[in-house]
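There are structures below to look over.
Each of the next two complexes has chain A plus one more chain, namely chain B in the first and chain C in the second.
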Partner chain A sequence: MDDKKKYKRELLLPGDMIEEEGVKPGRGTFKKDNKIYAAKLGVKTVRSGYVNIAAQSGRYDPRKGDKVIGTVTDVNSSIWMVDVNSPFPAVLHVNDVPWRVEFGDTKSYIDVGDAILVKISNVDELKKIQISMDEEGLRKLNNGQIIEIAPSQVPRIIGRKGSMISMLKNYTDCRIFVGQNGRIWVDGPLEGQYVAVKAIQMIEENAQVVGLTDAVEEYLRKETGKDLELERKKLE
Partner chain B sequence: MKELISKITKDYLFRLIKDGKRLDGRDLLEQRDLDIETGWIGTAEGSARVHLGDTDVIVGIKMDVGEPFPDTPEKGVMITSAELIPMASPKYESGPPREDATELARVVDRGIREGEVMDVKKLCIKKGEKVWLVFVDMHILDFDGNLFDACGIALMAALMNTIVPAERHELGEDYPLPVEHVVVPTTFYKVKDQIMLDVRLEEEMIADARLTVATNENGDIVAMQKGLSGVFEYEETISCIEESKKIGDELRKQLDKIKS
Partner chain C sequence: MAEEELKLIDEKGIRNDGRKFDELRPIKIEAGVLKRADGSAFLEWGENKVMAAVYGPREMHPRHAQDPSRAVVQARYNMAAFSVPDRKRPGPDRRSVEISKLMSEALEEIIFVEHFPRASIDIFVEVLEASAGTRCAALTAASVALADAGIPMSDMIASCAAGKIGGKVVLDLGKKEDNFGQADVPMGMVPTTGKITLLQMDGNLTMEEYKQAMELAMDACKEIYKIQRDALKRRYSTSISTFEETNDMEEE
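So, the complex of A and B:
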């Protein structure tokens, strides 16, 4: 098979047979009678010997190692229950937070309704999710706002090597964090937040449009009155 | 499942609303795009599907012949029910209707009933024995706030589209259901001293008080319902009523369009 065909975006339906040779079944696929089938509606990708199906829509499918934004829905004396935008609740144990929490003192650290930045430390076969906050950069979110987009569009918001997201940050003076679960945290001056949110919605709606980065830059330039390219040239 | 809004999103919304702004850039008293399609269900006597922004509802009307209630022997019967199913929002669960579904059905029903949209006496076939029964079913397909208005508009549109199935019951020829008035509800939500119209889900979740005002084409108030634990001041109530008449007229114009 030539390389071109290998990287073509191929849309598959659940139950479609995957005619790829010498690959192992990856995410969103299943194996039956030595043949691999798609389990979801989505685009086929082949990476390091595995064939995967990336779902086109739907809620977030938790995956070990993802950094996500969660909302605390329940607290008891040794755990927090967290909604991470997946169909399954996630559990944050007191041992997985950066503080030493006394038994029963959980509520004074994180309470119901708090938004937290966490990492998915484990997902088992039954989709029981364990999350952790005990790592650099993970914390409770105190200001700003959270918006939701389709989890499948997350790579679009980040852009190639983070180009889109860094452009958004530079133009709007906002701090932005994109969780893999489709929740985006935006903090900064109110006007900046407004423009950033509009730009994110624009990216989500026009995800398949060619030349999207330029269109978004044009919009940001118009709304913020900044011209980063000009500034860059001045510096030179 | 409990639907929860994070504290920082709440704070952000409060800040926006304090400045008279909203999440989607609308004015406080501006409605979302309204789209009405009638005759959506072929097997029903009348039906309508309404999109109000991302809120999506279907109302269907079935008619049958039956006995009147003993205390109103010469009046037709209308029975309204609403279904809030998990498909609309994860916060709803299947099973018998709960408080929110009952309130929705009652508030929408009250506007139509007290506004005398249908002349119930015309629905009488034989006094004390045979009258028309009108069954109204409201189905919520997608919940993004403001179900009262969406359902109220959908029900009105469905009634205007209803054909009485007289032939099936051997009572002469089919004829359109006589609609005397056009009643539409408008629902106001109060968040921190600011009053807004046609809220979205997030705004509905942080609201303190709710007021539904249903008016007819003459500007009469035909039904009202106050909800949630907050309060409306006298002046606020009056301004809501005035606003309701104005918006009601615009909605009636849209409803008239689908009639012709």
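So, the complex of A and C:
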């Protein structure tokens, strides 16, 4: 943590040279004449020997291991085609779902228009995306609503160590899942959903405001009439 | 006839709009002006007003135009009907089709197209007010919009024109200079490497004059590059300052 703090947060633009010794070029960078340059507009981060550029804008770039929310666009007898908000369609194979699906019976499990919570299991060089649902927590999303935010704002909705998202959940009594692709699923009591969605929009619009967490908590307290701090004290 | 009456440049080397031979018109760029585009930029260059929007990378349609090995860069240059004193007939014409192609090819040079097989990157440049040098303005704005859209690229392109008026080589022709001058050389380049991605010439220059013109335009491009970078830094400076506190966040 302290190690990372040493690096000055500076906005890099495409073509800027990254002055960093003994690291390999990671995401959002490229190498030319043995020097590393930024390929995207973003901020430099160094992790396990690689320099990456954390993009500040742009579309979702699918990455192995990401949990995302997809909508089914097409079904045939052994696969589902899924839109995961990326420039490329994703494929979900019958072997990658938690059920034993008879050949040709795909439609009765997941149909066109259904929303599903999936994990990206592979992205190959040709940007063919394979997704999987055969893992704990991954499922079809039956109720609630899905909203979309800019994928670059996802870390802000989650907050440091999940602080923002757990606050939202506690105040609104909603189940919320934030997909890495910028889609957020919200389910729970209607009033709670309404407040949660409003709060998420507030976070997205005011991402750069200092003390945003407090402002959001204030809003949640006002809207839900709950005061978690007070309740915590009562319990004691 | 007109050339004799209209003095484009006087004995002291001052042009009819008061500029020196190597002086640019004032340039102003703002990034991220359109909410629904992935990236955008608004540029004012003298009297020129240009809006650029970038969408993508996204799935390319029609499917048969997809390239399985790389993204297709589709730039579209369009002049609004009200962009010139006499109403321009709307829609693509010979000139705007040419500039669109030119821009696509220039921008392909800097975008990492091979990162996005089968996709398209769409760039729309709308000229709202035109007063000579709109293709340079369009290319300059498009570069900023691309960077704003978070599209991976090796650098940005800055673009500027040089030309010849009243027998002298000058930078960044204005409307009258363009219409009654002797030559116009628009060029676009990658300022850090010096790579030329756009170069055209209208009129005649001697080799010596051409070299002078290129020199002028190349220096100007470096200046324009700074303005482009400033615009992007201004747009993102506030979100960076809070980046530190929110950086090390984990998934739910």
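Keep this in mind: the second predicted complex is superposed on the first by the 230 of 236 C-alpha atoms of A that agree within 3 Å, B and C clash if a C-alpha of one lies under 4 Å from a C-alpha of the other, contacts with A are read in each partner's own complex, and residues count from 1 in each chain.
In the analysis below, a contact is a pair of C-beta atoms (placed from the backbone, for glycine too) under 8 Å apart; a residue touches a chain by one contact, two chains touch by 3 or more.
Just so it is clear, the structure is predicted and the values come from calculations on it, not from any experiment.
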Chain B versus chain C as contact partner of A:Trp99, first or second or both or neither: neither
Chain A residues touched - chain C or chain B, whichever exceeds: C
First (chain B), second (chain C), both or neither touched by A:Ala39: second
Contacts of A:Lys127 with chain B and chain C, given as first, second, both or neither: second
Chain B versus chain C as contact partner of A:Gly113, first or second or both or neither: first
Which superposed partner A:Lys67 touches (first chain B, second chain C, both, neither): second
Touching both chain C and chain B, counted on chain A across the two superposed complexes: none
List of chain B residues in touch with chain A within their complex: 2, 4-12, 15
Footprint of chain C on chain A - complex, ascending: 1, 4-5, 9-11, 13-15, 28, 30, 32, 37, 39-43, 45, 54-59, 67, 87-89, 126-127, 152, 155-156, 158-162, 165, 176-178, 180, 207-210, 212
Touch list for chain C against partner chain A, complex: 32, 38-39, 56-59, 68, 110, 112, 116-119, 147-156, 190, 192, 229, 232-233, 236-252
Of chain A, residues touching chain B in the complex: 71, 73, 83, 112-115, 141-146, 190, 193
